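Following are the structures in question.
Each of the next two complexes has subunit A plus one other chain: subunit B in the first, subunit C in the second.
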Partner chain A sequence: MRGARRRLAPYVFVLPFVVVFLVFSVYPLIFTARLSFTNWRGTGAAEWVGWDNYTYLLTNPAFWNSLGNSGVLWLLIVPVQIALGVLVAVLLNSATLRLRGLYRVAFIVPFVTPLVAVAQIWVVLFDQGYGAVNALLGVFGLPDVGWLTTSTWAKPTLALLFLWKTTGFIVIILLSGLQSINGSLYEAAELDGASKPRQLVSITVPLLRRTIMFAVVLQTLAVFQMFAEPFVVTQGGPYNSTTTAGYYLYNHITRADLGTGAANSFLLVILVMALSLFFVRLLRAKD
Partner chain B sequence: MTDITTPSRRIGSHVFLMVLLVAFLAPVVWALLSALKPANDIIRAPLTFDPSTVTLDNYIAMFRDVPIGQGFVNTGIVLVAKGAITMFFAPLAAFAFAKYRFVGKNVIFGAVLVTLMLPTIVLIIPLLLQMKEFGWVNTYQALILPGSVDAFAIFWMRQVISAVPDELLDAARVDGSGEFGIFWRVVVPVIRPGLAGLAVLTTMNIYNDFVWPVVVASSDRMATLQVMLSTLAQNITGNRIGADYATVTGELLAASSVALIPLLVLFILLQRHFINGILAGSVKG
Partner chain C sequence: MYRHHLRRRPARLTVAAAVVVVGLGLAACGPETTTSDETSHILQAPGADQPEGEITIWDRSGDLFEVFEGVIDDFNATYPGITVNHIAVDIDAKLHNTLITGTDVPDGVFLDDAKIGGFADYLWDLSEVLAPYTADIAPQKLDVNTVDGGIFGVPFDLDPGLLFYNAAALDAAGVDATSIETYDDLLDAARAYKAAVPGSGPIHLEQSAFLGQLQLEMYASQLGTSIADAHGELRLESPEFERILTFLDTVREEELGTRAEYLTPTDLAELENGNQVFYPWAIWFSFAPQQLLTEAAGDWRAMELPAWDAGGPRSGAMGGSSFVLPREGENADLAWLFYEFLMFDEAGYTAVWGPNDVYPTGLNTSIPSYQPAADPGTPLFDPVDALGGQDLWVVATEAGAQIPGGAPTPSWWAGAVDYLGNDIQRMLDGDLTPAEVLSQATQSIQTNLVDRQ
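Let's look at the complex of A and B:
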């Protein structure tokens, strides 16, 4: 009796997860796969259209524009964030640094604030006529910038929001990576007369490579799925300059163009998975 | 540990870190303070703060114009229900993965990993259609059930529970405890710090969730706090005429502040758990 209960128990324990998984992951996934080959608009009968949705997207400049926008945002965000993150993490990891706790808490504040609330604050701060940012530039005698109204500046403004929101989180990840580096390496370098910047380049960065790559993969996934920022701050504009891959996908839903949306989801997942794999390979190749 | 030895370098790093600290705190502090200014001053003098003119007018107008109370109620209901489901069933499943051998374990754990790695957006459209099929659009079920029993929570708690010594479980068995009793009376008390971290992370994720709620529950009655905030912002960008803009901006900042404050307070009270939760959460892909 007891043995039977013990054999049965784990199945009962994992059952809720399995039910949720089957109903809300597997079933919908199969459903999307089929949907992506139809022209269904949410009502009426679905018509089988073969690969039409895929060829429509792959030959559509708007689709490529959305990927291009996400690509540019990636360039504006990820390299800056990693460089800044490593620098800050190294400084915070110093044994003799004062106010370490204060810095750590301050850098995490953006991460715990709700993105939508912050995105709204961004709208007000970066307003061309009334915003605090242009007012601050004015103090230094600099001209107004159309942060949200010109296609040149809209992407950097969104990138800034993303950087502000997530850099503290990257610092925490890198900090945990740093704490696993053996301190005696630095002592040896010190004895050999290596300078601090030299130690950063020759010891810290190579040993932190795994953690850095991990952060890059994480942020690549996040940047290509970016949605709330353009939704709240720019609605994809001006002139579609901030229509990210995630926001473009959402547009199919609002137009009830569900077949195309399903195909777009799959293309995006393939891209994101391929990019992640590429970065993982990059990490392995050097190991 | 690297040391910052020379005094000039030490000063240099503090200057650098202080500049960042100001940049990281400024938008939040600015919003909290500006929400207390007369609406016209927010746009006329965005860089100054005069304590003698502090007013709650923006908050009063916002509470009058925006059903933000309903937003809090909706978010609260989802938070409690979805949070409870995850906080109970995820560690339970994790217990099975960490401490039992059973046929099909690897396959089911594979399902956990797949759920972890699947980008949210791929499921949005089919899930929405499924909700339509169920008649669940604009209901609490739709906000609560998909994504409950969070895969990451299982993944994380499995690691935490693996560290619990098997002897403790066997001792409880000898004492006649049932399998669920072992989980409830032995495992749960031991992993309490991990559960605290999980509670904090789960709260943050549910409170801040936006993509799924905006797709499935955008009606006025069902909008969560974040969904409600997002449409407010669209009003302001679509409506840029002088005085009106000032009023809307004032209300917008008041609404954003009201949404920010609960998590900020929670964070300040539970810093350590937050940072542990975030750190563990970083494993999520």
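Let's look at the complex of A and C:
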């Protein structure tokens, strides 16, 4: 009797998680999979359309454009954010820095500020005719730039907003990684005459590799699912140049084209999983 | 170790299989996706003289919510047995999910006209309850609420397009705006103003893809047409749309326009400094002189839109909203009484558009779509100080009475912005001709929206 209880105990402990997992993850996943093969619009009969939604998306330039936009945003955001994050984290971790607590708070404030409020400020700052940024450029004799009104500049402007908003979060993650590095390594390096930059390149970055990869995976997911930023700042424009993969998916849902939306979700899941696996493999290869 | 791993494999497979089986079972419990019932969806008014019950009404948060909130007491004076549970809701975010799940469905909802077609399957057909009023409702509002012969919304406001103009700046330049009768006259007036004020862009050119398309529909409504007909067939490639786009393209080509998004900092600054003096827009632009303009407040006036042909209609509709009654609502028939009072009872529409706690001089950003309430001789709201004391009521109601019918809104209207709205902007960039916009947008909308309905 006691043996049976002991064998059952682990299953009882994991049961609450399994129930939640089934209801909130497995069920939506399977329901969405079924939906992706129909033309259901939320009411009435759902006609089975086979692979039609998938072929529609895969042959639709707008779908690839949304992936391309997310890809460009990834390039504009993630490498810059990681480099910036490491530098700031190292500075904030320095024992000689005064008011460290204040700086740490300052860096996390943008992350906890409501995006809608920030977006409104962004719209005003980057207004083509009367924004502060163009006014500053004017001081140096530079022409006005259509930051939010030209497809050339809308993505970098959106990337800048994302960087400003989320870099503090990445800094916190990297800071926790930094604090797990044994200080004696730096002492030994100093005794060997290694300069600070050399210590950064030869000790900090290699030992932070796992944390950096974690941050890269997190931000890759965030960039490909990015929705709120283009929604409130550019509404995906101009000319769909800031329609990210997440925003394009949202468009199907709002048009009640739930079958195509479901198929789009699955294609995104596959893409994001492939990217995450790639980074995990990269990490393992280095190990 | 390897053997231990092998022993576990069947167990893992069993667990995975169990997860899939349970998941499939749960998926089968999802919303019904196979059939629709054939019961009547035509709403009947309640039979009792003094009906009782509770209704849940969704409105957008903001000033209109407060206005409707203020009418509830008046409604209860007539219907004391009906309790109104009035809630401010992000309707765009919540309505669709609520209707799909059928949970906590409200009895009445405030909804943009452009969205009604997309929700018709969930809504009561109001043809019978509206029958006593339909002859007196603006035809354009009936068009946008009609889907396959049924009427799915109680028409709320009519938003006539007007030509707002900076009278002080135009007077100073020696241009008489009041003599403008056609769009050709408008172009001539703009040319004259530009000659007097070099560097100006007299006519507003909308830079938002969404609002640009909405403005295009205003011009089209004036010509009695719209993107699609009542059967959902596209009719963009028509002389009417070519004419409208050619007008806009002329404004661009001759540098007679100020390209800006509606009431963004650039737009406001150009309105204030006298560079932008003509604003063809819906009546709700009157919000700008009243709330946003400082230096030029009082300089602006409104008149009917120019006609496309001399003697033609002097207005088209731009935007607007209605009230819809979901079939899953518990007391939709009582909600109908609420909206009937609000829109068709003098006490109701006077409380909405007349002076109230929210708008001491009345709600002057729209007019009633119920024609007896929109009588030019019986103003509901007062003259507008920010328009130099002009009687906007008279201008708007006379313009509204000229809006032709025959301009329904397809359910996919908002989705067309990705194609038509963007292509208009490309034309304003000088990258497409009007004919290219129409053929390209037609093809894209047909493929991506119409064919996928």
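As a convention for this text, the second predicted complex is superposed on the first by the 260 of 287 C-alpha atoms of A that agree within 3 Å, B and C clash if a C-alpha of one lies under 4 Å from a C-alpha of the other, contacts with A are read in each partner's own complex, and residues count from 1 in each chain.
Here, a contact is a pair of C-beta atoms (placed from the backbone, for glycine too) under 8 Å apart; a residue touches a chain by one contact, two chains touch by 3 or more.
As the structure is a computational prediction, the values presented were derived from the model and not from experiment.
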Original post:
After the match on subunit A, would you call subunit B and subunit C a fit or a clash?
Top reply: clash
Original post:
Taking the superposition as given, does A:Leu29 touch the first partner, subunit B, the second, subunit C, both, or neither?
Top reply: both
Original post:
Which holds for A:Thr38: it touches subunit B only (first), subunit C only (second), both, or neither?
Top reply: second
Original post:
With both structures placed on chain A, which of the two partners, subunit B or subunit C, ends up touching more residues of subunit A?
Top reply: B
**OP:** Report for A:Tyr56: first if it touches subunit B alone, second if subunit C alone, otherwise both or neither.
**Re:** second
**OP:** Check whether A:Asn240 is in contact with subunit B, with subunit C, with both or with neither, and answer first, second, both or neither.
**Re:** second
Original post:
Can A:Ala46 be said to touch subunit B (first), subunit C (second), both, or neither?
Top reply: second
Subject >> First (subunit B), second (subunit C), both or neither touched by A:Arg255 >> reply: second
Original post:
Between subunit B (first) and subunit C (second), which does A:Tyr130 come into contact with in this model arrangement: first, second, both, or neither?
Top reply: both
Original post:
Any idea which of 9-17, 27-35, 135-143 or 153-161 of subunit B is the one running into subunit C?
Top reply: 135-143
Original post:
Shared contact residues on subunit A for subunit B and subunit C?
Top reply: 27, 29, 31, 35, 42, 123-124, 127, 129-131, 235, 253
Subject >> Interface residues, subunit A side, partner subunit C - complex >> reply: 22-23, 26-27, 29-31, 34-35, 38-46, 56, 60, 62, 123-124, 127-131, 149, 235-240, 251, 253-257, 260
Subject >> subunit B contact footprint on subunit A (complex, rising order) >> reply: 5-7, 9-11, 13-14, 16-18, 20-21, 24-25, 27-29, 31-32, 35, 42, 87-88, 90-99, 102-125, 127, 129-132, 135-136, 139, 148, 164, 167-169, 172-173, 176, 183, 186, 196, 199-200, 204, 214, 217-218, 221, 225, 227-228, 231-233, 235, 246, 249-250, 252-253, 258, 261-262, 265-266, 268-269, 272, 276
Subject >> Complex contacts: residues of subunit B adjacent to subunit A >> reply: 1-5, 9-10, 13-14, 16-17, 20-21, 23-25, 27-28, 30-31, 34, 42-44, 46-47, 85, 89-90, 92-93, 95-97, 100, 102, 105, 108, 111-112, 114-115, 118-130, 132, 145-149, 151, 154, 178-180, 183, 204, 207-208, 210-211, 214-215, 225-227, 229-230, 232-234, 236-237, 245-246, 249, 252-253, 255-257, 259-260, 263-264, 266-268, 271, 274-275, 278-279, 282, 285
Original post:
Quick one: in the complex, what on subunit C touches subunit A?
Top reply: 19-20, 22-24, 26-27, 30, 33-36, 92, 96, 99-100, 118, 121-122, 207-210, 260-261, 264-266, 269-270, 412, 414-415, 418, 422, 425-426, 448-449, 452
